Each structure stands twice: as C-alpha cells, then as structure tokens.
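Common to both upcoming complexes is chain A, partnered first by chain B, then by chain C.
And now, the complex of A and B:
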C-alpha cells in the first residue's frame, strides 16, 4: 500500500511539474513575442549571444574539424573497397549537417551555458535579486529569461552553421594534409549531396535544442528556493534533464524526417 | 495609495507562516510593522507589495484586487511603490549606478539621461552617499548597500514605500539622514510601511502600529490606542522589540507618546 501511495505521489508530482514547466514555456514564448515587438534594450540579449556563441567558437571548431576529418579519412579509406566511394559525401551531410552538428553543439552549450544560466539565476533567487526585479516592476521572465531564451536559440543556430562550415569545409584542408583529394570534386560532390531539406532540418533541430536548453536552465534556476546549496543541485539537474530532452527531441525530429520526407 | 489586506494567509507544504491577516493602510499613513524575529514581518511586507502572492485571502490596491490583475498591470502596480529589502538585494552584476537607474531605463527608455543623472545625484546627496557609483555592490559595506537599496526604491518617486529594517546597519549620521528623508516622504503624502525596531522611527513617524507574532495579527491600531492596550502579549512584544527592560507604561509611552506631534 505504501509503495502504491509513493508511486502515485511521484506520478502526481511529475505531472504537476510537467504542467508547470509547459506553462513556464508558453509564458516565455508569449513574453518573447512582446520582447521582439517592443524593441526594448537588447543589452542582456547581446551579452547572452556573446557568452553562448562567441566564447564557444574554439571548442566547436576543434570538435567539428576533428569529426569531419575522421569521417573523410575513414570514408575515403573504406567505402571504395565496397565500390561506394561516392557515399562519403552523403555520409558527411547526414552525419555532420543533419545529425551530429545540431546535437553536439547542443550538448556543448547545455553543459557550458545551461549550467551557467541555472547557476546565475539560482544565486539571484537566493540573494533576493529576482524579488528586487519584481519590486521594481521588471518582469524576471521578460528581463532575464527571454533574452537568455532568444540568445541561446540564436546562438545555437549560428553555432550549428559554424560547426557545418568547419566540419565540411575545414576538415577538407585537414584531410588534404593526409591524402590527395581534388578540391573541385570534393565541393561539387558535397553540394550535390546537400539538399535544402537537410539544411532546414539541421537548423530546426538547433532552434528546438536552443529552446530546450534555455527553458530547462532557467526553469531549474528559478526552482532554487532559499539555500545556496540548492544551486549546484539544480544546475546538475538542468544539465541531466536537458540532455535527456535534447536526445529525445533530436530523435523525434529524425524519425519525422524519415517518415515524411 | 491605499493597501488593503483581507484574510491573508500564507502556507508552504505543511507549515503555516501567516494566518487570517486583515488590515487597511490608508493613503499617506505611516504604519510600523513590529514583531519578534521570525514572526512573519518580511513575508507580510512582500505580500503587501505583491512580490509574493498569498496562499489565501486578498490584497487590494485602491480597491482593485491584485489577484485579478494581468501580469502587465501587476508590474505597473508594483511601480507605484518602492521596496527596501532587509538584505538590500542589490543586483550584483550591475554597478551601483545601474542599480539605481535600471528601473528608469526599463520603464522610461526615452527619459533624458541628464535628468536621470540629476535625480541620482540629488538622492545620493540627500542620503550622504558619497561612494563611487561605478563600483559593484560587493565592494560596499552592509550599511552602504542598505542606503543604495533605499535610493533605488526612491528613484521613481513612488506613492508608497515598503521598508524592511531600513535603519539596520546604518551609522548614527546616516540614520539621522534616513529619518529626515522618511519625514520628508511623509510630509509629501507618501504611504510608508516600515518594519523596524527603531524607536526614533516609531516615535517620530508612526501613525499606526501593526503587531504580528508567529504569523498572527495581534494588533493593528493607532499609536494612541495601542499605548493603552490591555493585551499582555502586545505589551511584551513592544517591550521586547524596543529592547526595554523596565515597565511598559513609562518607557513605551515615552517612546510612542510623542507621535501625537511627529514633527515636534
């Protein structure tokens, strides 16, 4: 009986938490609309893009260069043995543009900026700074959450494009040091394999991932109640929950892609 | 600004922090909120200021129920009052100057920056705040942070003020300036709700006193009536909060009795 009671209580709390999170998300969407329309100060948004996108460029560059180079080297070495040498370009587009670009940039930003956002907001709750915003008639959702939501989403889309540029183009130069690949052939074949749908799916995945990371991070930041010891706990939860949602959303969009296109 | 509380309660989980609190604070009135530590003064002030919504009961500003206001209307209603937090609650990622000007910049983005700067200088001068405004709040002492918090609340010249222990941590000279500032606000018809154990504020400013203990409203009455109360618990609390060891009648009457003429 106690076990059933516990399961029921847990299910009830999960359901309540989910509905609260959905309400929070729709509140962010509504305030984002007003934020864009009202053209208020973009200072916080600019700083968020700077922190999320610009400061993550070196990590993303190294990761995408290495990954692109590995795929090309392995593809060029293995695929011709099966008479499928041309497939290397399709694989590059599938792996880098459609799958790994969006998810890997999202993982990096979730671990980096997601944690920072949850920690910053959590500390602001503890020191009553959030209440101070409210007392001054400044909505914390409008002033703190929306710029982070838009900043992370815009940053993630831009970083995905950057990841693709380095992964597809930059990796060519890395590979050219190790093997002879004709520059013109490489880009012609690559562009032939790349479709508008691939680009759209990739950008959509990034935008969804950005929305997930920022919403989860701000949600857990605001879940801190009064003690500073809650801050790292919520930051860890935001990363864990963020990763789960990112994988689920990306898998869902991939399935949708194969079902509909 | 008239603030009305009706049967306000606040619970969290199993614990009850405030229960059935009703009171009406008239425009231009100065109400002193008193009670022992942990009695619920800060929570009550935050509920009055609509920073925290009550679990039960209602809060009305000028007769308008705040619970039915839209988010935008609520933000605008909050602009009608200033709030001074017990721990100052300055925004740590902003300079002191930005702490003072953020609300103005946010709500009045087209206001002349020169006018805003003049307002900052005037307020700083009135409170004797001479610190470098470009530094972060972390570099200020606790008393300076409290003064900056008071200045922030005054920036938009609101109709009402909620001040949680505004004089704690201030030196004698700054306390005097605070008292003068509060007196000036009262003369200009501002509503003041002050949680304080400061006998100077009590004697010179308070019109009404709200006594709270363990989340229960023990008394809400004019100073004149309260000094004659027979309620033993209220007497004990007033003696305790004023840190007096002798009898109620002599000392409390000495402190509060002068409020018949607060500007004497």
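And now, the complex of A and C:
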C-alpha cells in the first residue's frame, strides 16, 4: 500500500510539475512577445548573446572543423571504392547540417550556458534578489528570463550557422592539407546536395533547442528555495533534464522530417 | 573594463551580421547552382520496366547532365511512364527523332540514362512531347531509319555487348519466320488451307525473302562483332609475336652495344614506370578475369541458343531443298554458296 501511495504521489507531483513547466513556458512566450513588441532594453539580450554565442564560438569551431574533416577524409578514402564518391556531400549535409550540427551545438550550450543561467538565477533566489525585484514591481520573468530565453535561442541559431560554415567550408581547408580536392568541385557538389529544407530543418532544430535549454535552465534556477547548496543540485538537474528534452525534441523533428518529406 | 564588455554591442553586431550574410550567400548560391529560377522543359518517355531508373536520375548527353527524371509512374498497358525535364540551355538539342537509352554495363561499370540527338536540322520538340526509349517500337524505327546520331561506344567490350542484342533479336525474328514458313508449308501439304497452293507458295516466297533479309542483317552485325573481336585478337597476337621474337625486345635491351646504361642511369624512372605498367596490367587482367567469368556463366545459354538456331536453319534448309525440287516453282531459289565461318573459339587463339 505504501508503494502504491508513493507511486501515486510521484505521479501527481510529476503531473503538477509538468503543468507548472508548461505554464512557465507559455508565460515566457507571452512576455517575449511583449519584449519584442515594446522594444525594451536590449543590453541584457546583447550580453546574453555575447556570453552564449560569441564566447562559445571557438569550441564550436574546433568541434565542427574536426567533425567535417573526418567525414571528408573518410568519405574521400572509402566511398569511391564502392563507386559512391558523390555520397560524401550527402553525408556531410546530413551529419553537419541536419542531424549532428544542431544537437552538438545544443549540448555544448546546455552544458556551458544552461548551467550558468540556472546557477545565476538560483543564487539570486538565495540572496532574495528576486523578491526585491518583485517588491519593486519588476517581473522577474520579463526582466530576467525573457532576455535569456531570446538570447540563448538566437545564439543557438547563430552558432548553428557558424557550425555549418566551419563544418562544411572550414573542414575543406583542413582536408586540403592532407588530400587534393578541387575547391570548385567541392563547393558545387556541396551546393547541389544542400536543399532549402535541410537549412530550414537545421535552423528549426536550433531554435527549438535554444528554447528548451533556456526554459529548463531558468525553470530550475527559480526552483531553488532557500539554501545555496540547492544551487548546484538544480544546475545539474537542469543539464540532465535539458539533455533528455533536447534528444527527444531532435528525434521528434527528425522523424517529422522523414515522415513528411 | 574588459574589451569585449566595452564593445559588446559591436562584437555581437558583427557576429550576427557575418552569420546572416553567410546564410544569405549560401541560399543565393544554392539558388544559382540548383537553377531555381531557370526554366526547365518537361518531356516524357515510355519504358518497358522501371528497373535501373530512379527519380532524380540525370539525363546525359555527350557526358553532360542536361536534365533529370522527375517522376516514374506505371501507366496504362503496364508501361512505365518516365517524366523528365531538359534544362533550358540544352533545349535546342531536343530535336525530332531524338531517343533515350538506358545504358547499363553487365560488368558493373558505368551506366545511366543517355540522350541521343535526332539527325538533321529542325525545331526543338514542344514541351510534353514523347521522346521514345531506344527499345520501344518508335525508338527501333528511328534507329532503323538511321535518323538518330548514335555515337560508337568507347571500348571494344561494350561495343560487342551492344551489338549482341540486335543479333539475338534478328536471330529470333529469323526463327519466327522459319516457323511461320514451316507452318504454311505443312498446312498447304496437308490440304488444311483453304487458299490455293500458289498463294501459299507466294506467301512462302515472301517469308523466305524476309528470312534472307534477316540473315543478311544478322550476318552484317555478326561481321561487326567478329571484326571487333578480331581487332582484340590481333592486338594479342602482335603482343605475343613481339614477346616470342628471339631478336625482339629482350635481346635488344641486353645488347652490350646498346643504350642500356642510358636506360638504367635515370634515377629508377624506368623501373618506376615498368612497375606502374605492371600494376596496370594486373588490374586489367583482373577485369579480364571477371569478364571471362561472366562469359563462362552465360556460355551454356549462348551454346543452347546457337544449337537451336542451327537446328532451325537445318530444318529451313530441308524446306528450301524441298521447294527447290518442287517442279511447281519455276527457276527455284538461287543456291547460295556456303560461307565457312571465320569465327574461332578463344581456345584456338595462339599465345
């Protein structure tokens, strides 16, 4: 009986937590709409993009360069043996642009900026800053969450574009050090293999990932109640929960892509 | 204050601008490369089967991609309708009597949908016109009229393979004609035919002339195949003669008065080239080996086909002999001198 009671209690808590998270997400969406419409101060947003996107660029660049170079080198060495040399471009597009690019970028940002946002907001809760904002009539959602939500979402989209630039073009120059590949042939074949749908799906995945990371990070940041020891716990939870949601959302979008196209 | 904090707006601005410009450039390049705004001219063709065809398959003309397959559907009468487009830059090549050929190599090398341009001047075909496949009735008629430019295949093996199919088709036609002839004669001799015997004989005569035409065509095509085979055999023979000749390549190389020192004093360039040649020869021998395997695999079918053809021709000969002995036919049929075959099996070749 105790076990059943516990399961029931857990289910209720999960359901309540889910509905609270959904309400939190829709509140962020609504406040974001007002934020864009009322042209509020862009300074917090600019700093969020600076911290999330610009400072993460070196990591993203190295990762995408390495990944792209490995695909090109392996593809150029192996695929022509089966008479499928042209497939290297399709594989590059599939891996860099459509599948791994968005999710790897999201993982890096979730681990890097997601934890930072959750920790920062958690510490603000512990030091009663949030209460001070509310006491002064400032909504913590519109002032603290929305710039981070928009900043992370925009950063993810921008970083995905850079991931593609480094992964598709930069990796060519890395490979050119080891093998002779004509740049014009490479670029033309790449553009032939790339479609608008690939680009749109990639950007959509990044935008969804950005929304997930920022919502989860702010949600767990505000979940801190009193003690500073709760802050790292919530930061870890935000990363774990964020990863699960990121994989699920990416898998869902990939399935939708293959079902509809 | 840190540089990046002080100039945060500018840094983020440049960051966003570079990403946006790159994205726009990629999209514009894609549009230009994939010809989003260029006009494509739609045509269709009919094939007996969709095997070897796929949507997106390029259509090639003289090695250039001039269009692509857009749709493949199973149409009425179980025919396969293939819709495709030709790019506007190549539209003027699509003249009447143009045909499509699905090329596939039995040894797995190359292949694709090839466009053959019709002969002569003329306006381009209007959109949604039929461009027949080479193995359709229309395509065969165009080829028979020599109204299409069919470039010769590059290598001897492909040429032989491409010539075998029409030969087999002609042999088939020949057998059907002989069978019809025998049926007519049997019916006439057994008295089951209502029409007069003279009319039957006239039909037999017509059929025999068709047989003769088919035989002539078959002989011409066989001669082409044999000529291709003879070229290959001749090349082999020359090579083997050169190697067998006691005053040939090896003694000349080893001659003390010769220029062997000059050959050898070249930083191993000669040996490197010989090594490369040996690697190439090895690769060629591998290909020949695989081709020989393919030929061995199909040999029983060809042998049985030839035996059946031989039996049919013997039967036909008997009929012709009977007809020539028939007093009702004045003058008879002109006797043809037997032409001994020049074909030799691969085992007879001298190496």
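Criterion: the second predicted complex is superposed on the first by the 261 of 261 C-alpha atoms of A that agree within 3 Å, B and C clash if a C-alpha of one lies under 4 Å from a C-alpha of the other, contacts with A are read in each partner's own complex, and residues count from 1 in each chain.
By our rule, contacts are C-beta pairs under 8 Å (C-beta built on N, C-alpha and C of every residue); 3 or more make two chains touch, one makes a residue touch a chain.
Here the structure is a predicted model, which is why all the values come from computation and not from measurement.
When the two complexes are overlaid on their common chain A, residue A:176 makes contact with neither chain B nor chain C.
Measured by the number of chain A residues touched, the leading partner among chain B and chain C is C. Contact with chain C, but none with chain B, is seen for A:192 once the two complexes are overlaid on the shared chain. In the superposition on chain A, A:139 makes contact with chain B only, not with chain C. Within the superposed three-chain model, A:207 lies out of touch with both chain B and chain C [touch as defined at top].
Using the contact criterion defined above for the overlaid structures, shared-chain residue A:46 touches chain C, although it does not reach chain B.
Once the two complexes are overlaid on the shared chain, A:165 sits against chain C while remaining clear of chain B.
By the touch criterion stated above, chain A contacts chain B in their complex at residues 40-41, 124, 127-129, 131-139, 143. On the side of chain A, the complex with chain C involves touching residues 46-47, 49-50, 53-54, 57, 154, 158, 161-162, 164-165, 188, 191-192, 194-196, 199. Per the touch definition, chain B reaches chain A in the complex via residues 46, 49-52, 71, 75-76, 78-79, 81-83, 85, 87, 89-92, 102-103, 105-107, 109, 152-153.
Interface residues of chain C facing chain A in the complex, by the touch rule stated above, are 4-5, 8-9, 11-12, 15-16, 19, 22-23, 26-27, 29-30, 33-34.
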